[in-house]
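Across the two complexes that follow, chain A remains constant while its partner is chain B and subsequently chain C.
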Partner chain A sequence: MTELIESFQFVYGPQMANGLAIGVAVVLMALGLTIIFGLLDVINMAHGEFYALGAYLGLTLVAKGVSFWVCLALVPLIMAAIGYATERALIQRVFHSGDRHTLTLLLTFGLAIIAEDAFRLVYGPNPYKPDAPISGASELLGVMLPNYRLFLIVAGAAIILAVWLVVYRTSLGAMVRASAFDRNMASSLGVPVDKVYAGTFAFGVALAGLSGVLLAPIYSVFPTMGKDFILLAFSVVIVGGMGSIKGAVIAGLVLTQIQSISSLFISPVWSEPLVFGIMVLFLMVRPQGLAGRLGNG
Partner chain B sequence: MAEVPHLRSAVQAQERIHFGGQNLFAGLFVALALAFAVLAGASGDTFFFRLATEALILAGLAMAVDVLLGYTGLLSLGHALFFGFGAYVSALVLKNVAPSFWAAVGITLLAATLLGFVAGFVSIRARGVYFALITFGLAQVVFKAVFNTREVGGSDGIIGIPPIRVEFGLFSVDTQSPAGFFLLTLTAAMLLYAVLAYLMRTPFGRMLVAIRTNESRVPFLGFSPWRAKLIAFVVAADVAALAGSLYPMLRGFVSPELFAFQASGNAVIMVILGGSGTLAGALYGASILTALKSVIGTWSEHHLVIIGGLFMLSVIFLPKGLAGYALPRLERWFARGGGGQ
Partner chain C sequence: MQQLKLIAAVAAVFLAGQAQAQSTIKIGVVTPLTGTYAGIGQQVKWGIDLAVKEINDKGGILGRKVEAIYEDEEANPNVAVQKAEKLFQVSKVDFLTGTVNSGSTLAVGQVAERNNRLASTTVSYSDAITGDKCSPNMFRVNAKAGMQSEALAEWLVKQKPGGTVYFLGPDYEMGRSTVAAFKDAATKRGLKTVGETFAPLDNKDYSPYFGQIRAAKPQVFYTSVAGNDTVRLLTQMSEFGLTKGMIIVGAAGTITAQNLAAVGKAAEGFVTGVGYTMEIDTPANKKFVGDFKAMWKTDPDLFAVDSYGVVYFYKTAAEKAGSTDTDKVRTAMRGLEWQTPQGKKTMRAGDHQAILDMYAVKIQGGKFKIADKVSGAASVGPDTCTKF
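After this line comes the complex of A and B, so read on.
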């Protein structure tokens, strides 16, 4: 029995807690992706770069003397403006052509290429690791956990809940869901569909930026950080069901647990292909994912 | 019903003009490539010969992507999987089995066909963006697997692949000769173009276009889109792998980056820049992108900002690429009898 407790305390516990911290962050990323896909039918290949941009913005602001806590509010606002402009200037341009899946995917892919190189141009190729704004560690169920990770888990869960409430319990959310369900009908009923689209895109981008700020003290900030993280977020979105918030939360938490626990048994470098393998399997046998689309939960 | 023969001949004439223009476009490419070879050969250059050879190899990958994207309407975001696979199989054969061109190419073709069937079986059921994501995921799994497998060199790749002489019976070409290997690669690329261009004119090629235009209607006409898509996928896998098999002969090494998303993405950029659905456009796209990278790369490390910008401008303002601009003109010229018919 003590053996079991010890192995939990020192092996499984910390691994699961770390997995949970990553999981919450991935869900934040995946929420933006999945909402944008569910509503606009757009695969945002630049989502990872928006996440990186959020982290870099946070870095710059903190260096200028702005407090980390102010950044948590300020960066998403700036990112929302950038997202709104992106949707208006780029996505809208090709949105009404017949090939919009491919074209929007290609456009955001181009954007991702530019952004990644621009980060390298402005900030250089080396990683930055900002100090965590909360130091120290706490013991929880006998498992030692850095306070900042604890904060990340709680704050992330609160944000996820808030997003869910906005989408499912406000009239704004009702407009978003109505537009996703039937664009023409929503438009006839007076929903400003174009604005809802741009606003939703901005919201998703702001979420990505927020997770960038939150994760910077843990994973450090470097030009390809978005690309490394986006693959996991894509797997989460696909396994969860493209457009589903509930699915993204479940898949995000389960996949990151699989990743962190499996790395105890197999070499950690193989835990990543394992998650992609699960994604491919889902695409083969259940392309709609765990849950349905945005309109249906 | 009397209109049917008339309609058919009109369609056939239209097709003849279209493919005539396309072949002219490809012929122009060969002429430009040969002119380049004369210039580079006269100035005794090696660097640009090697670069141009790489562009032609990448053109093979781009043509494969075009078969899927431009003809069948399937956006593959992981086609470097087959390119890298071809390069690795060829490298392993050259290094460990026999330093023979024909053995490397033959074994690559067989292995790629097998892999193409397996990967096609996995991914072809998925439609639209799901296809893009599943190919992306597959390539990523293989990339990570190769990156982490010591037996195939891990992150270092395979180095020290011996240069070979390619035997053609009457004569032979040394892969180390810049001009010789350039001409060999040009021949190979144009052979691939010819085979694909022919294939796209057959009923099978028309079926692919029908699938791109409206997949749901194809079964109502009594055809199986699934089978046609699978064959198109295998063909595209073979073409990409054959192009990849030339890579170790050019560079003497292979690395896992050949599988990476960057390579797949670049192939898509080449197709879009050159003009999708034209095959010949892929030849131009590959040359333009490789040249741009090299030229911009000489004065700035950050060529991707410019290439990405160019790509986005092309998607927005010139969605049919270079071919979209050049082909109508070439077709008119061909229709006026310039094609010598």
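After this line comes the complex of A and C, so read on.
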């Protein structure tokens, strides 16, 4: 019995708690991705670089003396403006062409490459590690967890809830969902579809930027950081259902738990292929994912 | 008459040039000057240029001036082979050095054998170069990978005799071989292994492995991750309170000038084994560091000092042989003792591996400080070369 308790305390408990913190981080990344995909039908390959840009912006502002907590509000605002401008200036131009998927994918992929090199030019190739604004660690039921990760879990849950409320419980969210469901019908009912599109893209980008600020103290900041979560986030979006918030949350938490627990039994290198294997399985068996698209639930 | 004078003058200049060319000792340097390893190649060049300048100011080698001729190998063994061939055939260099990655060094060693000329690496770590792939024409003046782990283990066993060690490495060839080498060196000295993990390269989050590490209750934690992986591993361990009371040691490349600032406080107390540190408190090293900074306005690193030393290695050998003839110089190089900023180095005759004192260095106050000196004899390991 004591062995069982000890194995929970030392092995499974921390593993699940850590998995939860990573899961929240992944869901935050997947959220912006899934909203942009669900509404605009655009696969944003530059999402990871928007995440990195958020982290670098936070780093710069903190270095200028702005408090971390102010950055949490300020960076998403700046990022939303950048996102809005990107949508109007670039994505709109290729959005209405026949080959939308290919063109927007290539466009955002190009943006990602430019952004990564721009980070290298401006900030240099070496990593930065901002100090966590909350230090120390707490013990919960014998499981040690750094206080900042506890904060991340709570803050992440609040952000996810807030996003859900905005999309499903406000008239703004109703316009977004209406535009996603039937663009022409929404437009004829007076919804400013173009602005809704740009606004939604800006919202997704702001979420990526916010994740960047939140996660920088844990994962550090460097030019290629955008590639870090993006594959996992794409898997979460595919398994959860492209455009579904509920699906992204469930898929994000389940996949990271699978990854976390499986790394106890198999070589850690194989836990990622396991997750991607699940993604491939979903694409083959249930391509619409756990839940449907943004307009549907 | 006027014309005759002119011809005589031209002839004199021409002959002088000819004599000059004949008497110059040429050292070919095949090193990466562009690409990922350009930073290392730059330090190699700075070190060699400083040594060549010093030697020429004092009359050269055997009364002849020394000239270094550079070729960019782009850290690519195929390019290195072509450039080495060119230096031997066209530039007629007497000695070749500069290769950085171990593949280039091994390939260039074969070119040197074919051309019956001598070469030495000042950077490559792979044990094979002076082990099972040794060559009678290739030497190594820098410490090999095995010496770093031997030096570190030698220091560690003094701190925690019979201590328990947990290993965490990146899951690829270099990561696994460094862990294996250190484990070997540690086990030989009575330290015990209590667990090991190989995490993917560019791993985001190491916390999923912390439960296993905590449960194993190791006294010592060894890692061979590098770059940003080190930043994440050590800062995450420190946030989880895992580093308390544990000795953290690692490979020489785990914490470098590139990531030290980002690792920050979590790097405090980290110990590794190296063949050089600017901290070495000897007149020879202080002079070298001062001259280097005066000439290049930057700090020398390990690669610069070993490359600086290789020029003196050739000088001492050529002067002992009294000639630049390959066979005579090779005989002189075997067993040769020569002075470098790192102290006295001895070239082992059996495998062409230099024996040099190693250092266990510890990060204190954000800087590498010498924790202990480990004699070359204790860290060099047995001679495994069977080719000559």
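Observations, loosely collected:
Convention: the second predicted complex is superposed on the first by the 297 of 297 C-alpha atoms of A that agree within 3 Å, B and C clash if a C-alpha of one lies under 4 Å from a C-alpha of the other, contacts with A are read in each partner's own complex, and residues count from 1 in each chain.
Following the convention adopted for this analysis, a contact is a pair of C-beta atoms (placed from the backbone, for glycine too) under 8 Å apart; a residue touches a chain by one contact, two chains touch by 3 or more.
Everything quoted here is computed from the prediction, not taken from an experiment.
Look at A:283: by the touch rule set out above, it reaches chain B but stays clear of chain C. Of the two partner chains placed around the shared chain by superposition, chain C is the only one that A:218 touches, whereas chain B remains out of contact.
Judged by the touch definition given at the top, the superposed model places A:235 against chain B, while chain C stays out of reach.
Looking at the shared chain after the overlay, A:272 reaches both chain B and chain C. Touch criterion not met for A:34: it reaches neither chain B nor chain C.
In the superposition on chain A, A:44 contacts neither chain B nor chain C.
Once the two complexes are laid over each other on the shared chain, residue contacts for A:264 go to chain C alone; chain B is not touched.
Touch criterion not met for A:244: it reaches neither chain B nor chain C. Of the two partner chains placed by the overlay, only chain B lies in contact with A:105; chain C stays clear of it. For the contact definition in use here, the residues of chain A common to its chain B contact set and its chain C contact set are 267, 269, 272.
Contact residues on chain C toward chain A in their complex (touch as defined above): 171, 197-200, 202-205, 207-212, 214-215, 227-228, 231-232, 235-236, 239-241, 258-259, 261-264. Looking at the complex, you find that chain A touches chain B at residues 43, 90, 93-94, 97, 99, 101-103, 105-107, 109-114, 116-118, 120-121, 227, 231, 234-235, 238, 242, 267, 269-270, 272-273, 276-277, 279-280, 283-284, 287. Across the complex, chain B meets chain A through its residues 69, 75, 122-123, 125-126, 128-130, 132-134, 136-138, 140-141, 144-145, 147-148, 261, 265, 268-269, 272, 301-305, 307-309, 311-312, 315-316, 319.
Interface residues of chain A, counted against chain C in their complex, comprise 6-7, 10-15, 18-19, 21-22, 125-129, 131-132, 137, 144-146, 148-149, 218-220, 222, 228-229, 259-260, 263-264, 267-269, 272.
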